[in-house]
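Below, chain A partners chain B and then partners chain C, in two separate complexes.
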Partner chain A sequence: MPGNRLESSNMVLRAAQELFPGAVVALGMGLPCHLPFELPASGGVWFIADSGALGYTGQDNDGVSVDAGGSLVAMLPGGSFTGVVDVAGILRGGHTDVAILEPSQVSTKGDFVHWTTEKTAGLFAPGSAVDMAYGSSTVVAVMPHQGPGGRSNIVEKCTLPVDGAGRLDLIITDVAVIKVVASGLELIETAPGWAAEDVISITDAPLSVSSGLKELTVDIPAIVPPNKVYPSAVDALLDVPEGSVINVDGFAGPGGMAHYLMVGLRDLGVKNLQLISNTAGVARVSAFGSPNIIDHSILVENNQVVKATASYPVSPSASRPSAFEEAYNRGETDLEVVPQGTLAERLRSGGAGVAAFYTPTGVGTLLGDNKETRTIDGKDYVLETGLRADYCIIRGHKADTLGNVVYKGTSRNFNPVMATTAKVTVVEVDEIVEPGQLGPEEIITPGLFVDRIVVRPSDFSAYLDI
Partner chain B sequence: MESLADKERLPRDIVAMRVAKELPDGSYVNLGIGIPTMVSSFVPEGRTVFYHSESGILNCGPLAEEGNEDIDLINAGGQYLQIIDGMSFFDSAEAFAMIRGGHVDVTVLGSHQVSATGDLANWMLPQRGVGNVGGAMDLATGASGVIVAMEHTDRNGEPKIVQECTFPLTGKGCVYLIVTDLAVIECDGHGLTLKEVAPGWTPEEVQQLTGAILAISPDVKEFEL
Partner chain C sequence: MISVPDNPSTNGKLYPSGKDALEGISIGDTVLVAGFARCGIPQKLLQALSEIEVSELTLICQGAWVQESTDFTIADLVATGKIKKIISPMPFHPVYGGLVKKAWESGNLELEIVPQGVLAERLRAGGAGIGGVFLPSGAGTRFAEDKEKRLYDGREHVLEFALKADYALLRAEVADTLGNMVYQATSRNWNPTMAMAAGVTVAEVDTVHEPGGIDPELVITQAIFIDRLVLSD
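This part shows the complex of A and B:
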């Protein structure tokens, strides 16, 4: 007779070994929801619940906040609340590192059935499990190895409609840990007292046994938040490769523009940059700017820009051309003009994992030419694609060390939406504070979108003589 | 005989004043740059209008006084604003969801050209080769109603109201009312109807400076402010 089976709480704790500092972790209904109640509150990972709680623990409760299952939880310092659309964007836009689900059945190929049971076969009710399965980098199943009557929950082929096809990476049961690999299922850990043969004998799918097979433990890893604070703009942008696509924040004037990071990018001299930004640098040539203000022109004049995607790329006055317009007229840069709302929505979509969308803006105009069109309910639309970037430089007012950002007034503009679109998002702020000093209702950009933080030196002026 | 080109036209603030009359009580309104910006100064007493700006504000107030400018508080034209009660801030995606989702009731825009079928061309002069579209296309397409406020003719005296636009379009068939320094003209998507003329101007004179055929409303009258 093999050893005891793991208690549910220990199955869930085993899943914690898959987490890492700064990981964004989505939890499905059932066992996974218990993880924040079992794991010491370290603030090292971001639990996200469909209820809109981001960064919480179950070790305490504040009497107000709830998780996806409706249980009371407490927000951690640096936690924040989001609406359902933002939750969906976090789940679907590639921002979730690990999803932990409790399927009812899993297969050799990594397919899984979440909610559907024999009794509810006609009732497909996936909740957000499907979003988690398709949007997360790693998907972990936590489930009992066997169902009622000793029936294996691990099968060669699912017998019910699947909620995620081939999406599972790891299966944690009450007797084993099984990895989903290209050739099928690989047994990598067994519960104390359980031999590989014991596990194989109760599994209705072929299992290969890892050469590194070991005993399943529930040691709780200490997870501390990663350090996001960089000493300078140059340090924060040191690894930007030539040819990068870079989102540059800002509306048009000096407000909400990351001048310090822009100067850092200029000083690094990285070439062949493709900028996505509302303007291509007009603050120097506009009534609301000034000739010695820092804008995109410093990168253009340093021959670093090969393309701009913008809604307001050139000077309002043809007789006062910007550096970008002059470079464009010399044939040195490409330009894609995008209506401002379409630009914002393309960024929002890119950040939320939406590949493309239909919009009426631009139909019948130069900017709708050569785009796929479609008539929906008698109205014409053009297809616009979501935008992603390699890096993004944004300007906040304050950030905490976890990367949560607040803005001031109209300087918010493109910042929050751009922050969701890049592989590496760097924020420049006036001040860095400790987690908890920005309230959960106050935070506009949750720290999970922000990778690096720099403080704009107090003596740094947007009007520096450069 | 006096040339029509030299004949006195209405000043810009009167055009703005006439447009202001069109804004419904309680409406959400986005004002473009130029004459449209001036409209907010003339909203009739007792009427409340909420202004939206693409810079990420709802309920924009008056311009900031000199010396009190704040770079974190601007409208879409880059002008500095005062903080007022009930003002709210949001990001660009939300600012444009308001426009594109039909939540802005009226937008007032300037234009290079407007066609007989209400096409709008206001973002690009072909000879420059590049143009700033900004939020114009989103406003033209997404706002529930588009009013154009502009001079009746361009600086060379050429009509800005034309049978068909020759400049790149901003939106098709989106304009429902044109207010110029000579006339108030309704657009129903098929043609133009002259409703009001500037003091001292006859419908025939307005027609002479218009590049599209105007139906003269049976109750055509002088500008009503």
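This part shows the complex of A and C:
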């Protein structure tokens, strides 16, 4: 006779062993929703729900915030709210480290059925499980090993329509932990008192037994949030490799540009950069703001730029070309011209896991040349692809130490969308505050998008000495 | 906060009742309804809709899977028989069922199931003038059946088309008379996306300020998307 089965609270706690400092953790309906109720309130990971709650705990409730299952929760200091379309982008766009789901059935191949049962077989209940499964780095199933009548929930091939094909990485049940590997399912842990044979005997799918098979525990290490605050621009950009693609706001005028980080990039001297930006540095020739404002030109003049993707790459004055134009005319740089809205949409797509989209902008013009066109409901569209970057440098007004950012006035422009597109997002702000000092409804860029924060020194000038 | 005017035409977007605010809604229309669980649901507008002589409506919404609600919900509207079809990621609770499940089982209600992020993205596309999007979600499942697929970065992506509707019923805690809106907590959910994706957008709000009463940095749904406002009580 094997040992007891795990209670559902312990099944869920085992899933917490898959978390790590700063992890973005999406929780689906059912058992996964219990995790923030079982763990102490801590800002070490970002629990996110498809209701739009980012960074919450179940240890309290504020009367107005709900999780994926509709239960009341409370925001942690530094938590924020967003809408469902942006949650989908967080799930699908590669921003989620771990997704935890409760499927009703899973297969040898890692397929899963989410919440559909024989009683609702003609219907599916995907909720957000599909987006969670297709966008997260690791997908964990938490579910009872057997259903009603002792039938195995783990099968060779799902008997109900699947919500995710081959998407699962790990299955945690009330008697075992099973890894989905290329060759099938591998038993890696068993509940106390359960031998491998006991688990195999109640599983309707082949299980290989790991040579490192061990007893399932629910010990949870304390998780503290990673430090994101860097002492200087140069420190925050030290690892930028040659040839990187870098997003920088670059809207004309002084507002939204990360001047301090740009100077850091210039001081580091890293070469062959490809900039994605609204302009390619025209402020100094078109007198937006001031003729000596810092912009892309400092990187171009330092021979660091090999390509710009921009919507306003040239100066409005033919007699006063920008540094980028001069370099382009000398054959030193490449240029990709993208209309502003298309640039914004391509960045948004890159950040939200949309590979490509049909936009009406530019159809029948040079900007649509050599691109696929398609007529949808009688209207012509051109196909554009998502854009991503290696680094992104953002200009915010204030950030908290978890990386939540607010902007001031029109300096917002490209910054929030760009913050979603890069492998490493670095933000420059006037002031860093403690989590909780920015209101959860006020935060524009949630901290889960931000990796590094620097304060723009109070004596820093955005103007060159000329 | 200001009071409801007697004549809505003198105060722009503010309408005296839910019924007035829904004027023009017609047989066979498609209606977006915001809300997630018990948050951000335009209850007064749903109730008004149930009292209007209209039928064969298609609703696009999160679903009616919250059990303990005593408020007027999608399920109550379905019970009136005015609804032909619901497009939703989870129209009813798979375990607990309810009125929507009953209507579906008796053949009186059609259901189209779309994963939540796909539905949100299709509405966003509709609202932002995008014709279609290639998404990774649902590749290899029946959500991708009979749809065009392409490989990007070696992964299969599925073409999903934009979605728009005739009306959108929204809910916000605070608005100004121009229609700028802010939401409390998880009441935001579908509201900002649906606000962009309908011919006529009607918002039920708890408090209305004069223009300038909401900090411009805090506005989530901009007034240009909102056609009509009605106070929740």
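The working rule: the second predicted complex is superposed on the first by the 462 of 466 C-alpha atoms of A that agree within 3 Å, B and C clash if a C-alpha of one lies under 4 Å from a C-alpha of the other, contacts with A are read in each partner's own complex, and residues count from 1 in each chain.
The rule is simple: a residue touches a chain if its C-beta (ideal position, glycine included) is under 8 Å from a C-beta of that chain, and two chains touch if they have at least 3 such contacts.
Predicted, not measured: the structure shown is a model, and the values here were computed from it.
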Examine A:Asn415 and indicate which partner it touches, taking first as chain B and second as chain C; both and neither are also allowed. first
What is the contact status of A:Gly135 with respect to chain B (first) and chain C (second): first, second, both, or neither? second
Under the stated touch criterion, which partner chain does A:Thr342 make contact with: chain B (first), chain C (second), both, or neither? first
Tell me the contact category for A:Val314 with respect to chain B and chain C: first, second, both or neither. first
So in the superposed three-chain picture, is A:Phe449 touching just chain B, just chain C, both, or none of them (first/second/both/neither)? neither
Broader residue contact with chain A after superposition on the shared chain, chain B or chain C: C
Identify the partner contact of A:Phe47: answer first if only chain B is touched, second if only chain C is, both if each is, neither if none is. neither
Under the stated touch criterion, which partner chain does A:Pro360 make contact with: chain B (first), chain C (second), both, or neither? both
Intersection of the chain A residues that touch chain B with those that touch chain C: 345, 359-360, 407-409
Show me the residue ranges of chain C that touch chain A in the complex, using the header's touch definition. 36-39, 62, 65-66, 89-91, 94-95, 101, 104, 111, 113-118, 120-121, 123-125, 128-143, 150, 152-153, 155, 157, 161-162, 182-193, 217-218, 220
For chain A, which residues are in contact with chain B within the complex? 251-256, 278, 286-289, 311-314, 316, 318, 325, 328-329, 335, 337-345, 347-348, 359-367, 407-417, 444
Show me the residue ranges of chain B that touch chain A in the complex, using the header's touch definition. 53-57, 70-79, 89-93, 95-97, 99-100, 124-125, 128-138, 141-142, 168-172
Using the touch rule from the top, collect the residues of chain A that touch chain C in their complex. 29, 49-53, 62, 64-66, 69-70, 75, 81-85, 87-88, 91-92, 115-117, 120, 123-131, 134-135, 161-166, 345, 349, 352-360, 374, 376-377, 379, 381, 385, 406-409, 440-442
